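Should a chain be cited, it is by its letter among A, B, C, D and E, assigned in written order, with residues numbered from 1 in that chain.
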């Protein structure tokens, strides 16, 4: 029945994109004292999250999101889904949470796939190249890039009668991934990414989080990739969100407008 | 007019996935006494449900769901739809319900199909293998697996002009199901499932509920299956929800964050 | 330009599926007296509707719906759309309405089509068989079946480039309808149906309302039909809702949980 | 690059379908005096709109809509979009508006196309037939038909790889339009229509508003047309709404239920 | 793997379409003094935005939107996404914001593509024609046209198996763009446009903002373009919004109805 060979995958940290809208009317009208308490709570929550005070390893960051769908996005990377659930719940205990709605979210886990050079990493009989090992490890347990802007979108590979990614032979997929990666490399130093898988965890198959100081680089990268068959023929995109990364201490400035 | 032979099916318990979001603002601001009453009510409801105090047989469990679409999911298995309706209604009488919204749900009935080895089970003239009988019985009246994580998604089989599951000959479908099942078997002990049918009961044709201690096993299983033609060509997936199973007594800890 | 011959159709009563969610929080917290008044109002409304006190002919029934999309569904059959609009409006005058939201609805009219044996009924020059006349009359002005469960879904016939129902020759459609009907007949006594057309009245082309004492019969019927080309190739389904029929006098028991 | 010839079009009045849901709970509980003021305001608004007190020409009418998506629809025809915006805004100044939500709307402009006999009308060198001129003028500046029921739906012409209306040669489209019109003519006196274009104005390409004393005629017309290739192959339909036309003076009776 | 050549692109100002619905009930019932303060705040905000008091360059305008999805749209063009985020936030500090909901938005950046004559502009070895340079500069840093009406819609290029824009050779795409542009030129002086790219910034690939004194010109332009293969075969459109441009000083008149 023509079952195709899946690539090996390795998983690292679980990842939560926790989007919130702010109730600006309530914020504007709240007494200064309550706002101060809310900010103190919020900053403490974000600083503890970024310091990974709640787990052995991971990372967190905060994003001021443009547009009506969200105002804030907290991104958390942690060893378990329970850690993420605890972080999600902990925020609800802050006074700041009273001024927000939980408008969107995405649950995934960092992932590396055994296409191309990464193959040896997954072969128990092969000795993987130490550079490749470090590279894959950096994808599974990434430092959150220190860049001004963050773009997030979920995506799927198509399963149409004409464009069916999952019905392609392994080698063809590997070639696509390699060509796709080649474009990415030309943006090295300009755009960095965290790729996370989400089959069984959320509505799409992957989440992509891009970091760049210049958002036009993100647009250029995505536009260029769209002409590559791995995207033009085989990618289906969900919603796109863009925002500005900020340090916890800047939360007050953000909320002040 | 080329009508295809449907498989025989057997149905067991009706199944309700009852998703709730929590109004965390109201919870945070409620007096301690009211929260205690709500928790006592909630725990009593969940314990009675898990003890199946309301019916002759069945099972229930509670899940803490990640993401913005739901915070809690109560899963109930019972002999009749009326039993499920009563459970749904009974929850609304608890003080806890005042802190929740009924944000999502899925109605289905556990199902076994007469493809492959199960064929004899459905043949009145054949003597079904006792092992097969026990296996099918365990699918229709399942114990809820004791695993840390639960993933739920509804799905349909495609009826495209190219990929039309319902227009395939019986034997071809049986072969697909068998190949599909073979993948599942390689995850034996790691991922357990409850399959329920929902034609005429809810918006999709089936519900799938997966249980695993390691959610990466769920992701790996689904990803691997996506390369099998039964999924790559013939499956259409709805929303995916993931959460952590918890005992009723832990409700207070969950609500406390 | 290849215009295809439509079947003759006859229309009977207009049909409203009026879905309501209940605000259980408000209900739980309402004073007993207010709840009693609301129940008295609700029962009186439903009894008058079922007695067709407002029109010369028709029928009404009440359904307790499972899942989050609706809690109650009132189904009304009446000679005119104005009758239905009046019933919809009249409910809003009851005290019970204050505890409900109008969450969903479907507007249609009972319909019989001149495919197969029904052809003569529509032929002014033919003398229709008295049995057929009675059968068609019973489809246009149906008694609401006295069965425990009710399933409702809207549907369309496909107009794809490959599967275009409206581009099939009349005889081919008649054959499909006959094959489709043959499956239905094997469920005689177990599942009864009301078919209503809704082109120009609501978002889909037809509404289907199924009645059965055992909801598994509804699932089995729909599943079996899905393998018939009239469904597998030509049917597109909307949402599915299932519930339990109840007598007006039982409204209090339902609301009590 | 195979650009196809568009038909000439003429535009007349801009058209707003302004759908409102009524907050029946607020209405039921409002003091009689406030309801009277709201009704007086509402009737005055509707009478002024129908008298076209705000512009040189046009027309307005009111519809009691069935189902949960809307309770009222105000249809306005006016020389400019600014006129429509003013009417939309003016309603918000009435006391009645406090009892409504603006749940849906459609913005379009009456349109006539130069297919078939209408061709000469658009040809600067041809002398159009006076009857044709009157006919086109009546489509651009229509009297709102005095019929009991009104059905509204937006629609698009398909641009599929197989069924691409915009890639058909002009003559083929003209033939389709003529065949389509022939069906309409068989309903003359039973169903009247206002066709309005909305490219760039709202989400679909056209709005269709049908008027009939018997809603079954609307259903029959649409069903019959669905077998004509102009619909079966080339039409994509949006939502459908049906309601009963009423005179401003009857607003109180409608609100009373 | 058949990667196609993307065009060069240049980006100019970031662009925010910030749609708001007005809570007319709250507005109607607010004390005159509060309304005056809200208007004063709103006018000051809009005047400062149009004067680009917050950045070195850019532009802003206000639109009164028809229909239920939005009442107001503020369009901002600025050098950075942070500038836009600040403007979005600043509005929330006005008293006027308390009367609005943030119902919709679109984030993009003005874009010019190196198809056709613009090619030289992007060629580091070529000397671009000064007229072309000025033209491209005017697209990247546009004056907001002084026209009565504004239409906005997002769009994508299709990636179907039959109509796949991103799989066309460069020259074919260039020819399509040129043919598309030729239609636009016939509307010179009647319809002006701002084209902005949004890959990675929002849900679609481009935003199109059209300006015209006569909205029928917008409809005619879009309808005519729909017969051009660049649209008929390769364009997928999102929502369409239309409104009337107004000066900040007219805000009071608009809110008064």
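Methods note: a residue touches a chain if its C-beta (ideal position, glycine included) is under 8 Å from a C-beta of that chain, and two chains touch if they have at least 3 such contacts.
Worth saying up front: this structure is predicted, and the values here are computed from it rather than measured.
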| item | value |
| --- | --- |
| Rigid-body rotation angle, chain D and chain A, from Cα fit (steps of 5°) | 145 |
| Geometric centre distance via CA averages, chain D-chain B, whole Å | 46 |
| Chain A and chain B: spacing of chain centres that average the CA atoms, whole Å | 28 |
| For chain E, residues contacting two or more additional chains | 161 |
| Graph class of chain-chain contacts, one of line, ring, star, complete, other | ring |
| Traversal of the chain ring from chain B via chain C | B, C, D, E, A |
| Residues on chain B engaged by chain C in the complex (per definition of touch) | 1-6, 9, 11, 14, 16, 18-19, 81-82, 84-86, 88-90, 92-93, 97-98, 102-107, 109, 159, 161, 164, 166-167, 197-203, 205 |
| Chain D partner contacts - residues on chain E that touch it in the complex | 24-25, 27-29, 64, 66-69, 148-149, 151, 153, 160-163, 175-176, 179, 210, 215-216, 218-224, 226-233, 239-240, 242-244, 254, 257 |
